[in-house]
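Below, chain A partners chain B and then partners chain C, in two separate complexes.
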Partner chain A sequence: MSKYVLKRVLLMIPILIGVAIMIFTLMFFVPGDPAEIILGNAATEAQVIAVREQLGLNQPYIVRLGSFLKELFFHGSFGNSYIYGTDVGTELMSRFPKTLALAAFSILLSTVIGIPLGIRAATHANRAEDRVSMFISMVGVSMPNFWLALMLVLLFSLKLGWLPSSGAKGWQYYILPVLANALGGIAGIARLTRSSMLEVIRADYVTTARAKGVPEHSVIYKHALPNALIPIITICGGRFGGQLGGTMVIETVFSIPGIGAYLINSINNRDYNAVQGSVLYIAFTFGVVMLLVDLIYAYVDPRIKAQYEGQSKKRVKKVKGVGAGA
Partner chain B sequence: MENNMAKKDQRFLSVRDLVVEYRSEGKTVHAVNHVSFDLSKGKTLGLVGETGAGKTSIAKAILRILPDHSTQRAEGVVELDGEDMMALPEHEMQKLRGHKVSMIFQDPMTALNPVKTVADQIAEVVKLHNPVTRAESLERAKKMLEMVGISADRAGEYPHQFSGGMKQRVVIAMALACDPELLIADEPTTALDVTIQAQVLDMINKLKEELNTSMIMITHDLGVVAETCDTVAVTYAGQVIEYGSKEDIFDRPSHPYTVGLFKALPNMNKDADRLAPIDGLPPDPTNLPQGCSFSPRCPYATEECRLTPVDSREIAPGHFCRCIKAAAKATTQEV
Partner chain C sequence: MPDTAVKMSKGAKRGGQRPPKKLARTGSALYVWQRICQNPLALAGVIAICVMIILSILSPFFLKYDYSTIDMTSACATPSAEHLFGCDELGRDILARILYGARYTLSVGFLSVAISATLGIALGAAAGYFGGIVDQIVMRFLDIMAAFPQLLLAIAISAVLGTGFDKCIYALGISGIPHFARMMRANILTIRGQEFVEAATSINCSKLRIILRHVIPNAIAPLIVEVSMSIAGAGLAASSLSFIGLGVQPPAPEWGAMLASARNYIRLYPHMIMFPGLFIMISVLSFNLIGDAIRDALDPKLKD
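Right after this comes the complex of A and B.
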């Protein structure tokens, strides 16, 4: 198992190198000049050339790529932001807790409500309870989160004045963003849980559990649910990984200084170093989350664990005789 | 009459007028139609019939574990030790399941939970029905595994690490873990190859004798019946069409269907090029014939057979048959 983890961690190195080269190349070809953006419209040609020189922007592609990779992998530095002049790595670190809080609470809320809702719908399949909750989650899935965010602000901030509409200065600032972010998740996870559970609760081993005299609640939560979890974990992992990279829309609507807002800003300003840093950070966190998801799989399903172990060492399967031990 | 009373007293399980209906695509599936039978303590009843004859539905109806979503009707009287199980509240029923009555399922590949160790799955049923600690229940699970011939040090392994035959033995160990008084074995050997079949049957027989368990053996294999059963109920289209002692059924089959079943078996002592199959297919359970359900395939069927339902009649003491011909024969013999 540890061999498998090590293999996966090592595998992330070529992935990150690939991402670094790709994002650098992409940004190289994107039209727009940071020097002009920094200096504004009033700048003279000479000034622009001077700034380009200073930032090293007039060097050929291969030289710039080389120095970027060297800085990145030997010094662990993303360089300084062109616009703010600050170190991109430090900036990302200071923004990370806000994005993490938003992502973590969103995913927590989504699963804590979405999974039981889906289970309830599955155990009452095709009855009124199921129909109502699936209709509501259909609405939830279809609602774009920026629209929902604006509606929440309208109601709770402007009309009722209960909660702040922007910023991130305390826990109450996170309530609306987390709600707006989680509602789609709740709906999506509920729908997925329902379909996954429906498949499992008709399985033979669930009938076996009932035939053993297991109470219905335990049949559902102890026998059926663990078998239905794999697709749910996949979706939750994907959502969480994605949101750790910053929820651009939510962070922008609620003015939360997180990673997503930083990335959007940097792209608009052609702040190459900041964009490259943010994208690499996103690739890295996503990779880590995906590794965690795969490890949770192994914890939930022993067959997957056996697969991982089988990959790292070729185990000779002992062929036991039919009457072994009799 | 006296004989009848004696029979009543030793009756351990008594099923009367059991009816199971499913709903499928807007149609009613008549899976079990007024099935009745008795079973005494320590005896084995063979429930024989083709696929789709309603055997498994009878078993699940007794345990009340029919699938919720498709079952439309499950009625009748199922008395165990004089207690009507159909009338018990669900929580009382949970105490019976796996404890007093347990079931061995047909397909060992899917009957075990893939994410729980085999010991945990056996220990669970022990823990549910006995006042023991977790450690004690695991101890019992290991003992049960050894009893069915699986080494106790494999207790912590998962179902996918076992072969089909071993999984079936785990299922059996689980069913027997609480010393059930009634064991329902739903085709316990169908998914196994022949050598393992023999072992599993031997084992079930041995365990049954040790624990004096009554058993319902569901099978479509007449060989299995010959080896394990005391009485036999032949089911067809959700009805018991012939019921009697093993000798009655094997030596004096009287329903044309039962006769046909034996004719379709290869005979070791005779040279035959072809076996004699029963023509046709079992009737569609959503659209059963008006009269005798076997009449469309029966070589002796008359207009009367096709139009009027046939009741089960006692053609010899303890030997019941749902055929007007057999009944007529019996009465003429008696006269």
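Right after this comes the complex of A and C.
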């Protein structure tokens, strides 16, 4: 098992470097001169040349890429914002908790509601209850989250006045964003749980459990559910990672100062160093979350565990076999 | 089991004399179509999309108002007999704008998925069929692309390309490639090792014939589901992009862009945000329902 973990962690390194190179290259092709963006319209030719020199913008692509990678991986620096001159890394760090909270609570709510709904739909498969809940969840999957957010604001903030419509000054500010963000997740996870459960319920070991007289409740929750949950872990993890990058639209609707809002703001300001930094930051976090999910998956799924543990055992067997033959 | 239920009730009405309608060969296009027709929700989806396309094309001919005519006297007018969905902040008829805007959302959905499916299938097929070094290069590159959440990748690409209808299509198209490529590769790998390929080889089929007649048709069928679901996803992503100011730009009546400008009037004129969002939802829902029905038709495991 530790071999698997090590392998996965080591495989992560070239991907992170690749991600950094790709984003740098993308941003390299952005039209417009950073020096002019930094100085604004009123700059003289001499000033622009001076700033270009100072930032090393005159150097060829390879040299700039090299120094960018060195800064990123050895000093953990994302560079400075073109517009505000502040360190992008510090800015992202201070904003990260808000995005994380939003993503974590959304995914928590999605699983807590989505999985039981899916189980119920699966155990009542093809009855009216199942059909209605699956249709509703399909509507939920299809609803744009920013529109739902606006509708929630309309109802709970403007009409009823129960909850604040923007900002992030306390827990009550997170209720609407989390709701808007989680609905798609609830619906998606419910659908997935249902299909995963349906597949498992038809498996032989479930029939066996029923045949030997295990109560239905225990068949569902002890025999079927743990196996059905395995693929759901991946999806939940993927959604969580996706949420870290995908909350940006919700963050703009509710003016939550998270990473997504920073990214969009930076794009509008043509602050490409900040764009590069935030995209990298989100991609790195996403990568790490996906790695963790894979590790959890391997831990939960005995088949993957067996693959790695089996190797050493097989070798022993072979040696024994040879010995017996001789 | 909706299909048998429908069949049985039809049969029962006619005194049980008529045998159930014969279905085409499993997996064929005709069979998928027959299954969609038996699923009322999917059929509703197909009809909704067709109606939307037709109305969007014909709307300039039968609507009283043009989508771009500004009329400040009816600015922010609430829904009435004159303006069914009301008017926006510049007095433009929202119904006309929504019907015209369907062109943007639907074409972004279709075209971007066409890009990602074509390139993704080609890349995945190459990686799966040739294996070795080609596979390594393609897969490592896709690993890097898959390290981004799809919307983030689309946003990063549109930050570079700039905004606009065509650029929105490229951004969404490129960001969807890894998904298709990975699926295609996995399909090719499973099919390459199956008996019918071996059988084809053993009766001396040419390599080209094996690829074109045996491998590709079998590898592509499962991707049809993905195409339908991806169109739904791309429509949703396109409206998100336009909503945050990337993608299609405001004077154009793209639904997400309409929502973005209507947002400022949410307090006084909620009708302005109600309708564009409703139409995004209906179109995305339709594609999802169609995709679901195709999946049921193609995947015998999920059939009851």
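Observations, loosely collected:
Basically, the second predicted complex is superposed on the first by the 276 of 326 C-alpha atoms of A that agree within 3 Å, B and C clash if a C-alpha of one lies under 4 Å from a C-alpha of the other, contacts with A are read in each partner's own complex, and residues count from 1 in each chain.
Convention: contacts are C-beta pairs under 8 Å (C-beta built on N, C-alpha and C of every residue); 3 or more make two chains touch, one makes a residue touch a chain.
All of these numbers come straight from a predicted model, not from anything done at the bench.
Of the two partner chains, neither chain B nor chain C is touched by A:I256. In the superposed model, A:I15 makes contact with chain C only, not with chain B.
In the superposed model, A:W147 lies in contact with chain C only, and not with chain B. In the superposition on chain A, contact of A:V300 is made with chain B only, not with chain C. In the superposed model, A:N126 lies in contact with both chain B and chain C.
Using the contact criterion defined above for the overlaid structures, shared-chain residue A:H223 touches chain B, although it does not reach chain C. In the superposition on chain A, no contact is made by A:I233 with either chain B or chain C.
Of the two partners chain B and chain C, more chain A residues are in touch with C.
When both complexes are overlaid on chain A, the residue A:Y205 reaches chain B alone and has no touch with chain C. Comparing the two complexes, residues 125-126 of chain A contact chain B in one case and chain C in the other. On chain A, the positions that touch chain C within their shared complex are 14-16, 18-19, 22-23, 26-27, 29-31, 125-126, 135, 138-139, 141-144, 146-147, 150-151, 153-154, 158, 195, 198-199, 241-242, 244-246, 248-249, 252-253, 263-264, 267-268, 272, 275, 279, 282-283, 286-287, 290. Note for the complex: chain B touches chain A at residues 60, 63, 65, 67, 69, 90-91, 94-99, 102-103, 105, 107, 110-117, 124-125, 128-129, 146, 149-151, 158, 160-161, 163, 165-166, 171, 174, 195-196, 199. Residues 1, 41, 140-141, 143-145, 147-152, 155-157, 159-160, 162, 232, 236, 239-240, 243-246, 256, 259, 263, 266-267, 270, 273, 276-277, 280-281, 284-285, 288-289, 292, 301-302, 304 of chain C are the ones that touch chain A when the two sit in their complex. For chain A in complex with chain B, the touching residues are 125-126, 202-205, 207-216, 223, 226-227, 300-303, 306, 320, 322-326.
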